[in-house]
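Letters A, B, C, D, E and F mark the chains in the order given here, with residues in each chain numbered from 1 onward.
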Amino acid sequence: MESLLIPITVFVLAAFVGFEVITKVPPTLHTPLMSGSNAISGITVIGAIVAVGSSDTTTATVLGFLAVTFATINVVGGFMVTDRMLEMFKRGDRR
Amino acid sequence: MNITLQGFLYLLAAVLFIVGLKRLTSPATARTGNRFASIGMLLAIVVTLLDAGIIGYGAVIAGLVVGAAIGAYLARTVEMTAMPQLVAAFNGFGGGASALVALSALATEPDSDTRTLVTIGISVLIGALTFSGSFVAFGKLQGVLGGQSITFPGQIVVDSLLAIAGVAGVIALATSGSMLWAWILIAVAFALGITRTLPIGGADMPVVISFLNSASGLAASAAGFVIDSNALIISGALVGAAGLILTNIMVKAMNRTLANVLFSVFGAGSAAVADDGTEKVTRSASADDVAVTLAYAERVVVVPGYGLAVAQAQHVLRELAALLESKGVEVRYAIHPVAGRMPGHMNVLLAEADVDYELLYDLEDINGDFPRTDVALVVGANDVVNPSARDDSTSPIYGMPVLDVDRAGNVIVIKRSLSPGFAGIDNPLFYNENTLMFFADAKEGIGEIVGAVKEL
Amino acid sequence: MPLPMSLGSWAVHIGVLLADQPGERRVALVPDVVKKLVAAGHHVTVAPSAGEAAGFPDDTYREAGAEIGVPSDVDLVAVIELPTSGTVPGRAVLGMLRPFDQPEAMTALAATGVTAWAFEAVPRTTRAQSIDALSSQATVAGYQAVLEGAVASDRFFPMLTTAAGTIRPAAVLVLGAGVAGLQAIATARRLGAVVSAFDVRAAAGEQVESLGAKFVTLEVPAQDAAEAGGYAKEVADDEQQRILDGLAPIVAQSDVVITTAAIPGRPAPLLIETRTVEAMRPGSVIVDLAAATGGNCAATVPGETVSHNGVTIIGATDLMARVSADASRMYSRNVSSFLALVTAADGSFDPAVDDDIVIDSMICRDGSVVHSRLLEQ
Amino acid sequence: MPLPMSLGSWAVHIGVLLADQPGERRVALVPDVVKKLVAAGHHVTVAPSAGEAAGFPDDTYREAGAEIGVPSDVDLVAVIELPTSGTVPGRAVLGMLRPFDQPEAMTALAATGVTAWAFEAVPRTTRAQSIDALSSQATVAGYQAVLEGAVASDRFFPMLTTAAGTIRPAAVLVLGAGVAGLQAIATARRLGAVVSAFDVRAAAGEQVESLGAKFVTLEVPAQDAAEAGGYAKEVADDEQQRILDGLAPIVAQSDVVITTAAIPGRPAPLLIETRTVEAMRPGSVIVDLAAATGGNCAATVPGETVSHNGVTIIGATDLMARVSADASRMYSRNVSSFLALVTAADGSFDPAVDDDIVIDSMICRDGSVVHSRLLEQ
Amino acid sequence: MNITLQGFLYLLAAVLFIVGLKRLTSPATARTGNRFASIGMLLAIVVTLLDAGIIGYGAVIAGLVVGAAIGAYLARTVEMTAMPQLVAAFNGFGGGASALVALSALATEPDSDTRTLVTIGISVLIGALTFSGSFVAFGKLQGVLGGQSITFPGQIVVDSLLAIAGVAGVIALATSGSMLWAWILIAVAFALGITRTLPIGGADMPVVISFLNSASGLAASAAGFVIDSNALIISGALVGAAGLILTNIMVKAMNRTLANVLFSVFGAGSAAVADDGTEKVTRSASADDVAVTLAYAERVVVVPGYGLAVAQAQHVLRELAALLESKGVEVRYAIHPVAGRMPGHMNVLLAEADVDYELLYDLEDINGDFPRTDVALVVGANDVVNPSARDDSTSPIYGMPVLDVDRAGNVIVIKRSLSPGFAGIDNPLFYNENTLMFFADAKEGIGEIVGAVKEL
Amino acid sequence: MESLLIPITVFVLAAFVGFEVITKVPPTLHTPLMSGSNAISGITVIGAIVAVGSSDTTTATVLGFLAVTFATINVVGGFMVTDRMLEMFKRGDRR
C-alpha cells in the first residue's frame, strides 16, 4: 500500500481542486463545460501512447492503437467542438 | 527526455487543465479556458511522445492521425443541435480508451502485482461501462433508440446481478491476471452500461452524460494509477470531481436529485398533452437560463400582462430592466391595448414602478420590431401574445391584434403554469421551438432572475 | 373648403353632429381620426362647432380634411348619444343610444327607417374590445370620479408626515369593480389613498388586488359572470340586505366612496342607504357613477351635487364629458373601429355585413326594431 | 358644559373664532388639539359652529373639553385670518394676519392695544418649522391646485394604453418650486403627468429632480436664496423678460400650468403674459396660486375661474380652505406649537418671553406696531 | 506506527484543514469549520507523537504543555477588541516556530545536501521575518508603538540592503551549512521584518497580518520540504494560498492594492479634521459590511432623508427591505416631520415604492424604540438625525426634535461624503463609535448592498 | 531535483486548493478566517515535534523545545481565539 500514498495524496488534492474550481456555472455553459472537461479526460491518450509505444505483443499493440485512436478522437473532437460551442460567447468581451 | 523535466511538464499541463477548467465556468473567459486546456493536452502529448520508453512510433502516430481526423471531422460537421449526442459519443471514446489502456497494460505485463491488477480491473470496468453507457445516451439523443425510457421486467434484478458480476470480475482479474477475465469483465461492464442507461428518459440524458463524463475522468485516473502517471491521476481526478459537481448543478437546476435521475424509471421529459390529444412539449427554463439569455441579448422587449399585476411584480421587473440596461442591453416595453383587466392597467403598474413613459411602446409601434428583437420577455401575459389570434381563424380570439412576440429570436414566458388567460384558450406560443417557459410567480421568478443576472 | 381626396361611389359619407344634451362636451370623431378616415377615402361632414367644447375648433377639422357643414343624408351619422330630436340626418346612426333605457325612443327611431347601432349592444368579446365604447367611457368616468371626489373631500388623499403633524391617508371605498371601478381604484391609489373595493362578481377580487387595493368580502355568494357576458346579475333580496348591512360600517368609515355598480338594462342596485350616509363623518364624499340609472346611493340626486348631513353626494351624470378631449379621442377610435366592420372590401358602406358584432349591436333596421332584447321586452 | 379640568391663575385661556371671510372653511384649532391643550391645563372657548365647515361640529369640541360660546376677554385668540371687523376679543391674537399685505389693518389692530403675532413673520429657522403655518397651508394649496387643475382639464393626467387607443400623459408645468410648488409637482407626478418645473432659486433644481420632475433651466442667473431667509427676491427687468420669453413656448405646450411664484410682501411676479395664454391649446388649464397677490398670469382674475380663449384660468384664493379638515389639523398643530413658546414654565401666558421666534413674529404690542419690516415701510 | 498509515492519517488531517478552511468562509458554517481544522490538527499531532522516530518525549511534552497553556490563556483572557493584535502575536509565534524547526534540523544534521540547506535557509528567512514583522504589527495595534506610520531617512536603501543580505545569507548557509550563517540570517530577517512593518500605518495592519500569515504558511511549507512531510507541505501551501487570496480580498475592500499597502509610507487611516480642529475619525464600511450587519440584525429601522430623494433610491431601498424581511429581519421606517425638502417628501417617495403605510412611523412613535433597535439605517438623511439638536444648546438647530438613531445598537449612514445637509452644520453622529459610514450614492450603494445580502 | 517533483506537485495542487477554497468572504469573517488559517499554519508543530524528538544535540533540543512551544501557542491559541470570535455567529442557525 505504501506506494499508493503519493498517488492517492495527489488524487485527493486534485479532486479537491476539481470540486472547488467549479462553483457557479450559468446553464448555457453546462454543455461546453461538460464537453471541455470531457476532452481533458482524454488525457488517457498519454497512457495509450505509452502503452502502445512500449508494447511488445500484437494484442497489446492492437489494443494500444485502438486506445490511442479512441483517446485522440475524444481529445481533438472534444476541444474543437467545445470551441465551436463557445463561439457564441465571442460577444462576451462587449463588457 | 529527462524524467524530472517530463514530470514538471506534466505538472504544467495539469495546471493548464485546472486554469482552463476554471475559466470554462464563466462566459467571458470560457473560450480561452478551452484553449488553455487544449494547450495543456498538446504539451502532455508531446512530452509523452518524447518519452524514452516509446519504441514503436508506428501504431502511435497512426492512432493519433486517425483519431485526430475522425475527431476533427465530427466536431466540424455535426449540427449545433446535435452537440449533446456528440459530446456523449466523445465521452464514450474516452471511456473506451481508458479500458483499452488498462487492457493493453495487462496484455504487456500479465504478471503485474495485485495492486496494479486491481487498478486495471477498475479501469476496465469503468471504462467499458462509460463506453456503452455513452453510446446508449448517444443513441437516445440521436433518436436512434427513441427518447422514451425503455424498461423491461426484472430490471432491478438484472442490474444488481451485473453489478455483482462486475465486482467479482475485478477480483477474479486481480487474482488471476488472466486476459480472459478481462474480456468477461468488459462484457459485464458493457451490459451494465446499457441496462442502466436505457431506462433513463431523453430529457435526463445530459445529466447521464455529465455523470459518465465524471466516470470517464475516474477511469483516466485509475489508468494513471496503473501506469503510475501523475498527469493522468491529476487530470482524471480533476475531471472526475468537476464532472460530479457539474452533474449536481445540472440535477439541481432540474429540481431533482442524482439518485432520482439515475434510478428512476420514470425519467421522462416534461410534456403536456394538448387539447387535441397530441402531445406538445414545452422547453422549461431556470432563472439562470433566463438570466444568461437576457444578459447576452442586445435588444429585449418586455411584454407585461395581467399576471404582472396579480403578482405585483412591477417593482422587481423594473429592477431587472435597470440591471440589464447597466449591462448594455436595450430594454423596451410593449403594451398591448387590452393587457390586464382594465384599460391602462399596465400603465398604472409601470408608472408605479417609475418606468419611463418613453420606453412604453404601443402594439402598432413595436410589432414590426420583434423580428429584430433578441428576446421577448413575456411576464404574466397570455392572450395578448397568442399567435392563434393572428393565424388560426377558428380561434375565439381570431382577429384581435396581438403582439408578435413569436417573431423574436427568443421568447421567455414567465407564468406559474400552462393555465389559460382571460379568454380561456390554449396558447401555441408556449410550445414553440424558440420559447422558453419559466414557471414561477412573476414576482418571485423575476427576483430570482435578478439574482442570477447579478451573479453572471 | 378642400374636397375629399376621392369621392367615388365606394366611399362612406360620415356625418358628425354637435351634441345637444346639456353638459355634453364630447364629439364623436376627433380631427386625428377624421384625418385617417379621409385618407382611407371616406368623406366626413362635421357640424359647425361640433368639436369646440372638446377642444377641437372647426379649423382643426378642416385641416384634417373634413367638410364643415350641417350633415344631411349621409351614410352614417356618428353621435355620442341620440340627438334630443330623436332623429338623425342619415341612413344609419352609431352611438351610445341607451337602447335598453329608452326602448320607446328606439321604436321611434326605427320608424324613421334608419339603421341604428348602439354601443351598448356590442357583445363583450375579445375581438370587440376596440369597439367597446362603454369600456372606454367608463374608464374616463372612473378616473374623473376620483378627482371630483378628491376635490370635494375635506381631507388629503395621501399620507403626509410634516412638521405640522402627520396626516393619515384617506380611506376610499369603491363599490362595483367593473371598468369604471377598477380605474377609480387605480386613480385613488395613485393619489395615495388607502383603497378598498367590493363587487359581486367572483373575478373581481383578484383584479382589485392586482391594483394594490383591498377586496372587501361579504358573506354573499360571488357571481360567476361568464354566463352573463361579463356583466353582473341582480342579487336576491336577502342577499341584497346582507350586502347593505355588510357595507354600512365600511362606508361609514370611508372618507370618499365611489359607487359604480350597474346591471345592464336594470336600475342600479342600491348599495348605500340614507341611514348609512348619515353615519358618515361630515365632510366625507360619495360620488355616484350610477346616478343616471337611479344611483347606488339612496340620497343621490342624479345630475346634482347635494349635501346630506354634511356628506357631499355627487350625482353628476356628465363626468365623461368633463374629460372631453381624451374621452372624445377614445370614443372616436371606437367609432372608426366599428366603421371598419361596416366598410366592404371595395370601401363602400355595407350595413348588412355578416359579422356578429355588427349584427348583435344592431337596434333597428328597415323600419323595425331588430335587437332581440328589445323584442323580448 | 364640562368645566376645564383645572382653571388656576396659570392656565392660558384661548379663544377660537368662527372665520368670517367668504369661502373660509378652516378653523384655528381642531378638537384633537383642543383635547391636548385642555389636558395641559389650558382653557379653550370655541365660538359656536367655528369648526362646522371643517367637519368638526360643536359636539366634538365639547367632547374634547372645550367650552362652546363666544370668546371674550381671552388671553389669546387663535384665528385663521384677522376677522373682518379688524379686532379680536382678547389680549393677544395669533394667525395668518397678512401683516405685509395690509399694514393699515395692523396699525388699526395695534391701536386696540392687543399683542399680535403673524405666522407670516415667523422666521424660517429649523426650530420654527413646526410653527410654520405658511408651509403647512402652502402644502395644502399645492395639492389642491393640482386636483382642481386635473378636474378642469379636458385631458387625462396619466398615460393610458387601451383598446381605444393610447392616451399620452398630460404635460404639467409648475412655476415656482417652493413649498406649494413642490407639493404640486409631487401630486401631479402621482397622477401620472409628465411634470416640469421652473424656479429662480438655485436650490430648487435638485429638489425638483428629487421628485422625479424635469427642471426647466432658462438663461437667467439662479438666486442663492440663503440670504433672503429662504425666499426669492424680485428679478431685474431684463431677466424678467427673458423668463417670460423662455417660459412662453413651454407654457404653450402644457396641458395644465400651476403657478406658485411669490415674493413675500411684494406683488406676485408675472410669469405668463396674456399672449402666452392665447398660444395655449383650448381646453388647457392654468391654476394661479398667486392670485391673492395679483397672480403669476396676466389673465388671472383673483377669486374667480375664467376662460380666456378656451383656456381655463383658475384664480381661486380659497384652495386651502377646500381641504378644510386636514388644513385645519395642520394649522392647529402650528398654533399649539406656538402656544408652547408663549407658555411660561408655570403654565401661565407669557407674551414677553425671550424667544427669537416669538419676538420676530410679533407685529404689534402695547398699542404700537413693533415689527421691524412694518416700521421700515 | 506504520509509515503508510501515518501518511494516510496526515492526508486525512490535510483534508480536514481544507474542509475547515472552506467552511470558515461562510458565517453559517464558520464555527464548525474551525472545529474541523482543529480536529485535523489534533490528529496530525497525535500521529506525529506516535511516530517511531521520536525518542525523547520530555522536551516535546514540555513544549506542548507550555505552549498550550500560554495559547489557551491568551485566547481566553484577551479582550474582544484586542483580537487583531492577538492574531498578529500568534502568527509571529507560528513564523518563529518554522524558523526554529529549520534551525533545529540544521543543528541536528549540519551536513545535509544543498537542496535541504536551501530550504532551511528559506524557512529561516521567512519564519524570522514573519516573527519580527508580526510582533511589530502587534505592538502597533496594541498601541505600544503608536498607530502612526514610522519612517526614517534612507528607508529604501536600508530595506534593499537587508533584502539583498537575506538572499546572500540563504546562499551562504546553503553552501556552508554553518550555524553561524543561520544566526546571521535570522538577524537580517528580523531586521527586515521590523523595518518593513514600521512604516505601515495602523489602519493597514490587518492587511499586513494577513500577508504575514500567508508568509508563515509558506514557511511551514518550506519546513515541510526540509523534513519531507507532505502534511506540512499541503497545510503550508493551503494557508499560503488562502492567505494571499484573503489579503487580496481585504486590500480590495479598502480600494487599495497590495503593493500600495506594503510599500506606501502614507498608509494612515481615514481621519477627518473637524471644525474645531480636533481630529474626528469615522468608521467607513463596504457594502459587504453593511449587508452582514443588516442581515444578522433582528430589528432594523430605516431613516430616509433628502438624499434618498436626490438619488431616487426609493425602489431599491424597498427591495433591500423586502430581501431583509425574507430573511426574518423586521424592517420599519422612521419618518421625520421635516425630512426632505417639502412636507411629506418621504411619503411621496415611499408611496411610489409601494411601501406599506403601516410600516411608516412618526418621530414620537419610534423614538422610544431606538434603544431596542439593532440597526438604524440612515439613507441620505443628515439634519434630522443630528444628535446636537438634542444635546448641544449652542447648535443652530438646537430644539428641533430629531430621530435618536444614535441610541440604536448600530447606525449605518449612507451618504456620498461628510458634507452637511440643509442646515449646513456638522453631524457628530458620523463620528460615533457605533456608526458605520457607507459613502455612496444612495441608489448605487443600496444596490450594492442588495447584491451583497443576496450572496450571504 | 527529481526528489522535488513529488513535493512540488503536492505543493502546487495544495496551493490551488487554497486559492480556490477562498472565494467570497464577508468582511466580518476576515479576521476569524485569518486567525483560523493562521492556526492551521501552526502545523509546523509536527515538524517541531519531529525535530526535538529526534534531536541529539542540546542546541537542537532547546531550539526544538522552543519550536514546539511557539507552534503550540499558535495552534492552541489560534483555534481557541477563532472559536471565540465565531461565537457571535451562533444565531446563524436562525435561518
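The rule is simple: a contact is a pair of C-beta atoms (placed from the backbone, for glycine too) under 8 Å apart; a residue touches a chain by one contact, two chains touch by 3 or more.
Computed from a predicted structure; not experimentally measured.
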Q | Shared chain contacts [chain A and chain C, defined touch] | A | B, E
Q. Computing the C-alpha centre of each chain, which chain sits at the greatest distance from chain A?
A. D
Q) Any idea whether B-C or C-E has more C-beta pairs in contact? A) B-C
Q | Distance-maximising chain from chain C - centres being C-alpha averages | A | F
Q) chain A-chain F contact: same residues or different, taking over half shared as same? A) same
Q) What is the distance in Å between the mean C-alpha positions of chain B and chain E? A) 40
Q) Could you state the distance in Å from the CA-based centre of chain D to that of chain F? A) 72
Q) So how far apart, in whole Å, are chain A and chain D when each is placed at the average of its C-alpha atoms? A) 80
Q.
Two or more other chains touching the same residue: where does that happen in chain A?
A. 1, 4, 9-10, 12-14, 16-17, 20-21, 23
Q | Set of chain C residues in contact with two or more other chains | A | 129-130, 135-136, 139, 158, 160, 162-165, 167, 190, 192, 212
Q: Can you tell me which residues of chain E touch two or more of the remaining chains?
A: 18, 22, 230, 234, 312, 337-338, 343-344, 348, 351-352, 354, 455
Q. What pairs of chains are touching here?
A. A-B, A-E, A-F, B-C, B-D, B-E, B-F, C-D, C-E, D-E, E-F
(Q) So in the complex, the part of chain E that touches chain D is made up of which residues? (A) 306, 309-310, 312, 337-338, 340-345, 348, 351-352, 383, 389, 396-400, 423
Q.
Residue numbers of chain F touching chain B in their complex, please.
A. 1-2, 4-5, 8-9, 12-13, 16, 20
Q | chain B partner contacts - residues on chain A that touch it in the complex | A | 1, 3-4, 7, 10-12, 14-19, 21-57, 59-61, 63-87, 89-95
**Q.** For the chain D and chain C complex, residues of the former touching the latter
**A.** 25, 54-55, 57, 129-130, 132-133, 135-136, 139-140, 143-144, 147-148, 150-151, 153-156, 158, 160, 162-165, 167, 187, 190-192, 281-283, 310, 322-326, 329-331, 333-334, 337
Q.
Going by the contact rule set out above, which residues of chain B touch chain E in the complex?
A. 312, 315-316, 318-319, 352-354, 451, 454-455
